[in-house]
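Labels run A, B, C, D, E and F following the written order; every chain starts at residue 1.
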Amino acid sequence: MPEETSRPPDPKIVQRVVEAALLEDGARSDVTTKAVVPEGQAGRAVIIAKEGGVLAGLPVAEATFAALDATVQFVPLVPDGSIISRGDRLVGIEGALPAILSGERVALNFLQQLSGVATATNELVEAVAGLHARPDGRAPARIIDTRKTTPGLRELERYAVRLGGGQNHRFNLSDGVLIKDNHIAAARDRDLSIGQIVELARRNVSHTFRVEIEVTTREEAREAVGAGADAILLDNMSAAEMRLVVEDVAGRAITEASGGVSLDTVREIAETGVDLISVGGITHSAPALDLSMELET
Amino acid sequence: MPEETSRPPDPKIVQRVVEAALLEDGARSDVTTKAVVPEGQAGRAVIIAKEGGVLAGLPVAEATFAALDATVQFVPLVPDGSIISRGDRLVGIEGALPAILSGERVALNFLQQLSGVATATNELVEAVAGLHARPDGRAPARIIDTRKTTPGLRELERYAVRLGGGQNHRFNLSDGVLIKDNHIAAARDRDLSIGQIVELARRNVSHTFRVEIEVTTREEAREAVGAGADAILLDNMSAAEMRLVVEDVAGRAITEASGGVSLDTVREIAETGVDLISVGGITHSAPALDLSMELET
Amino acid sequence: MPEETSRPPDPKIVQRVVEAALLEDGARSDVTTKAVVPEGQAGRAVIIAKEGGVLAGLPVAEATFAALDATVQFVPLVPDGSIISRGDRLVGIEGALPAILSGERVALNFLQQLSGVATATNELVEAVAGLHARPDGRAPARIIDTRKTTPGLRELERYAVRLGGGQNHRFNLSDGVLIKDNHIAAARDRDLSIGQIVELARRNVSHTFRVEIEVTTREEAREAVGAGADAILLDNMSAAEMRLVVEDVAGRAITEASGGVSLDTVREIAETGVDLISVGGITHSAPALDLSMELET
Amino acid sequence: MPEETSRPPDPKIVQRVVEAALLEDGARSDVTTKAVVPEGQAGRAVIIAKEGGVLAGLPVAEATFAALDATVQFVPLVPDGSIISRGDRLVGIEGALPAILSGERVALNFLQQLSGVATATNELVEAVAGLHARPDGRAPARIIDTRKTTPGLRELERYAVRLGGGQNHRFNLSDGVLIKDNHIAAARDRDLSIGQIVELARRNVSHTFRVEIEVTTREEAREAVGAGADAILLDNMSAAEMRLVVEDVAGRAITEASGGVSLDTVREIAETGVDLISVGGITHSAPALDLSMELET
Amino acid sequence: MPEETSRPPDPKIVQRVVEAALLEDGARSDVTTKAVVPEGQAGRAVIIAKEGGVLAGLPVAEATFAALDATVQFVPLVPDGSIISRGDRLVGIEGALPAILSGERVALNFLQQLSGVATATNELVEAVAGLHARPDGRAPARIIDTRKTTPGLRELERYAVRLGGGQNHRFNLSDGVLIKDNHIAAARDRDLSIGQIVELARRNVSHTFRVEIEVTTREEAREAVGAGADAILLDNMSAAEMRLVVEDVAGRAITEASGGVSLDTVREIAETGVDLISVGGITHSAPALDLSMELET
Amino acid sequence: MPEETSRPPDPKIVQRVVEAALLEDGARSDVTTKAVVPEGQAGRAVIIAKEGGVLAGLPVAEATFAALDATVQFVPLVPDGSIISRGDRLVGIEGALPAILSGERVALNFLQQLSGVATATNELVEAVAGLHARPDGRAPARIIDTRKTTPGLRELERYAVRLGGGQNHRFNLSDGVLIKDNHIAAARDRDLSIGQIVELARRNVSHTFRVEIEVTTREEAREAVGAGADAILLDNMSAAEMRLVVEDVAGRAITEASGGVSLDTVREIAETGVDLISVGGITHSAPALDLSMELET
């Protein structure tokens, strides 16, 4: 049974984001190209890797050129999600040169940012690879994203996370329940306990949602699970403490580790037996992957 | 005479970007907050620096909460562009808790990304600080941005660049003429020389534009300036070669260095006498600055 | 601890829907009012119930007049969600007559439709009132809505459902997992069993979602719950069969009855012990509640 | 000479309404379908009548699937406007299963609502069928709609009215003049008589409009027609009184009956000789027609 | 009883048009003003007539500055619709200089174009002034506009026509019936006579519309009126022929003269007794009225 | 080397403007055409010149019909930019008659307005034709447009200017620096000299812009050029004074004449040796060129 991890974002969403980026870059009013390249000139270009990583964003780059000129041919030479090395030829592009030149920067901006996200994700995924399944048969910890994404690009960055081997958390505030530290502080002002907060949420949301809550101590974790929390987010706990919580919970709720995750710490965190490790840095701090487009004349 | 470097982005533009981000994050359909925080509950929160850098984005964060609830008070405790240290209290927020909680992530996403850009810019600006004015009285090299920005956020990232002490290149393809390598390749296919390309551009664009062209050798630089180029972009040249070009040009055109700029190399590049040093990395690869919001109860 | 059942829809969403309706009705190009009522004439009107039911939609009606003229006073005489009788005075409106007259029909169209939904919901809620809590202490069955809503008005109709005493199912396809008959048929084509489908869904969606699946027999219900389904939708089962399923499930999953629900059958269905009863008719077939607006001169 | 009663709504308008509905339903972010149906799976479905009535809305349902996937085949098995019976197969759909499943609810919501409107209209049309032409040779009364439509769906509901055999009143406030009770009340405040109001309207609107005014007594009707009203709306008059007004008017103006129209009363009203009978209930209170979609595997 | 001729366009419509114009002119990215005028500088300006005519468009100019900065004071020194002379001071503007400078051109573009329309209209209105009422008591011919308006500005130009003393024809294709030469040619292809075309239209449009048809000969005029046309458009007829048609029609239909209308011919046309004279040139060929804005320092 | 003067506006921009115009004209709700022309009727029409001039706007007219019905054939019989004479057949149109009739007015409105602009431009261009190149080898004065365009139509009107043989100034406030009289007045309030204003602008804008400033005397012109202005706008100077300024400047800056330009004066102005002559009247006061569409049956 296949996992749908690599399903690309919906074409309509891609078109909308691409259109906004082309507008922002004035791509249809490119005074330089209009001044020096005649309307009918055709040509060929290639996108090349200037460093190694995981390629992500081909449908977005393709949509960029297509929005400017529907007749431009965009031919991926490797599939999205490929491990690429410096010097690899990634995409061939052929057709109207004005569209190719006016779309170059926007297409590369998307490809570089998304490949950066996929690459950063993949490094963490690789770092936890090879862990044995846990005694109860459950799979080892998975790397998941957060809502710490670039404003406007979440749909695309989540796709890049999947291409890098990660999985997705809830998409946004409307499609998942996660009671965080500040929600708890607000509720404590009304003298509600962790358990009461969980019950309150349970009663007020659609039955199709799970209820997840952030906990910072072993005691809070016990209280939350006891009150029916479906998942708990272990915030900035030490590996040792996480291990104890995982034992306490004993599979009655999903455990998600968060905070202080890096290439140095991720494997130790995974070994505590948590189900999920969420990492903001794969989206908010991944450096762009260096790519370039070159005309072939 | 004042420089307008820190003029904030137009409020209408900020509102549009913020609205799109709130929509993306489902902030008005925040099932968790609606489930556990009553509509009328009020409270206070503070935004705190988790690491040091340059703060950027206060008007965007303010607009985020204002879009959700116009009565929320947003009180900056330091001005935008401040150098901040870990633990600094940056902003006080007071009012409707549902709006504060539902807007938290979007506001922080903007602040973290823009402060990251301002911080990365500022590191380069500091690295070239203290250079003497050049013999001909012109100011030493300035750090400028590029079009390698995050799709949808260019206006905001350029503001962050200015807060970091950098300056802005053209905004997009519609408001500046820069003939790049691929334009030149396209024109060479039609047997045009560097000089002819410059003349072609000159004739075809409004007289209010300068004409800038990318060159890779001392000879091309000479030909471009001879044909009337107002500015030349020195692409990936060695410092030694740039120095020769600067001498050749002798002030007849603006010189912009590009490619291979890092904290290690930027001062040497500046010392060649170029007017401008453009750096994509300050926008496309700046790590987010770590900030957090905490309720005060 | 309060339930957030009556929280009104977000003002931004209300404004958008209202604006579209005013545009559709040409309210700002009302040739009749412009022809016979001078711009400055002021007056007073009242909205009156022509039949009994549950009132719903005051914030939408208020936003309608406010969109046309921000100075119009809209004063509810009873709160939204009130049980009202024929002849009741519901709202007083005072100010610019052109805005009052041009907005009348749109405001009433919203109020009538939403009050119809609230009224239809309330009849079902009343029909199951007074049932004892179940032996295991869980509350008796709740009436919930479906996605069979009027295109464009879902947010508002769900609010009306809550005012009528009902609760809400998932909002749409993006924020809840419900594997329906046609999904199952599609999966069976690939030789997947009910259990395998549940596992496939579990693996491919965010951990914040529950997995609900439609079942038509006692056997399917057993298989689904055995495979880890969090909820099951009992489609068009007889009350007798539902009762057996509820016993089998024994609280390990949520049970939702669907199909053939009417004022005649709803109490018998509730008595089977199901957790939820979902009814499309409260949104797709509720007759409008008759209301009118009268000028007071 | 053909009547254009069944001309479908403009495709652009249909596309806009459909797009809004798909957005509302999260159809492009259908987590369930994405989780359990692979991107490439194809299949066949059929839409079936669960009860009898008049079918309406095929172009809207077709546009729904086309918006999700342009390659889906949508093959009507009967034309729009057909009288259908329980069990009839109405449409065959073939192609990409994800699009078929994600669009199912939206397509059915439109079809059910519009078929409900067409069916309710048709019942009234049938109830007045067979009346003799009037002595002066004019055709017997026609059933027409009102502005009491579902916000956002007026264009579609008017199409459904035509399919049910009814005709359309003015579309909205901008394209027809109808002076109603509240306009008259506002004008009376300025001491204008019925006749003066008609003259005022006549002078202030484009010559391409007729002027219609609401009247409640025989005397008002006389005054209005005397002052040049082109049409009069008889509001909630008894059949006996309407008959007298029709005689008085003697063809000098169009007569429209309104208020208290039901299947029980409509034929008696038609027999008074009025030209038009307008009914809000065919749009605001028509129950949805029960339809379903089934995969054929 | 007042005529509503000078009612200004709806503020929402004005805002939309103004916003589009500001966007087109890049007014929020005015690089010159940002470069040389500090954000906080305040000042005063005045709009002055450089030639005489009728002033039109004050609400549009006011909305232009308000969109850029809500605190700018815009104080008309004469009302819209005034007859103005070279050198007259028309408006005082005070407040934030950046907004005043960035909005200057857009505000003047609107004022100049609309004042041009009002002025051209007024010249024709004056040319027919003083004609006696006709023997049957009807008022003499009125000058009306057409659909030959500037794309995007119709609402505003119609307002300017009213300020100039003219009246408005139907707004667009959706709110009036006018069967023109090409409709007739299309219908003749189906062997329909003028009378049959009128009847066909009558049967197929809402009863709230009048039916107007274009005629080119006395015979066509007779046939149209005989078939029930409510109005006839006399296309490019000689004054002598128009006079005969007016006699034939004898008040049974409205007569509209069209084609070849100029300052030289308009009075002779009016003297034929037609009800309306429609003129495209007042909107499509009116030269802009010369105005300027000057800072007062 | 070709000049790109006649490159048509981007199709996306054309589509947007056309769509707005069709919406404004209610073209998809054309009650007349729907009433008298059956949906399937096909036919042929031709667009004909009623007077002579320069044709401009074919891509806009084509897009108008295409937006209503993609199958309509639009066949230009002469290219855009042609000199045309009264009676010339300009375009053949064939296909669905409802689309042809409903789009007629919008298409003609665009064609007439743009051809008017092209014609007015061409008259000035012809008036300066044949001047000798200047002693320094530079080409004689070119006619350029201004920002005094019709709100919403600037992109199209600039295209028409090019077709008429003119050239374009900056597009808007965001893509060119032009310090005008009111900027100077604002700066003088802060005691800045002409030279200081030029320097301030130079420091605050991207290096890709030239700096142009308005001057009214020979002294100001000297000061501006001395301070590094790249271009100077000579406002309302006499030809004699312009000649002196041109001599003073001696090619160190571009000279643009503005104000008081007419067919009578333009040649004398050109003979002063200025580089550019900008004229607002070619866009704001050009009368529409008379064209018509006729069905061929």
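The working rule: a residue touches a chain if its C-beta (ideal position, glycine included) is under 8 Å from a C-beta of that chain, and two chains touch if they have at least 3 such contacts.
All values reported here derive from a predicted model rather than from experimental measurement.
Please state, in steps, how far chain F lies from chain C along the shortest route of touching chains.
When the steps are counted carefully, the minimum from chain C to chain F is 2.
Strictly by the touch rule at the top, which chains does chain B share as contacts with chain D?
Shared contacts of chain B and chain D: A, C, E, F.
From chain A, what is the lowest number of touch steps before chain E is reached?
2
I need the pair from C-E, A-B or B-E whose contacts repeat those of C-D. Over half of the residue-number contact pairs should coincide.
It is A-B that reproduces the contact pattern of C-D.
Distance between chain E and chain F based on Cα centroids, please, to the nearest Å.
24
Distance between chain B and chain F based on Cα centroids, please, to the nearest Å.
Inter-chain centre distance comes to 34 Å.
Distance from the CA centroid of chain A to that of chain F, rounded to the nearest Å?
Taking the average C-alpha coordinate of chain A and of chain F, the gap between them is 47 Å.
On chain E, where are the residues touching two or more other chains?
Counting only residues that touch two or more other chains, chain E contributes 4, 29, 31, 34-35, 38, 171, 174-178, 200, 204, 206, 209.
What are all the chain pairs that meet the touch criterion?
Pairs of chains that touch one another: A-B, A-C, A-D, A-F, B-C, B-E, B-F, C-D, C-E, D-E, D-F, E-F.
Mind listing the chain D positions that touch chain C in their complex?
17, 20-21, 24-27, 29-38, 41, 43, 45, 97, 100-102, 104-106, 108-110, 112-113, 116, 147-155, 171-183, 185-190, 197, 200-201, 203-206, 209, 280-281, 284-285, 287-288, 293-295, 297
Using the touch definition from the top, list the residues of chain C that touch chain B in their complex.
2, 4, 7, 10, 12-13, 171, 175
Which of the residues in chain C come into contact with chain A in the complex?
For chain C paired with chain A, touching residues are 1, 3-5, 167-171, 174-178, 192, 196, 199-200, 203-204, 206-210, 212, 230-231, 254, 256, 275-276.
Quick check on the complex: what are the chain D residues that touch chain A?
28-29, 31, 34-35, 38-39
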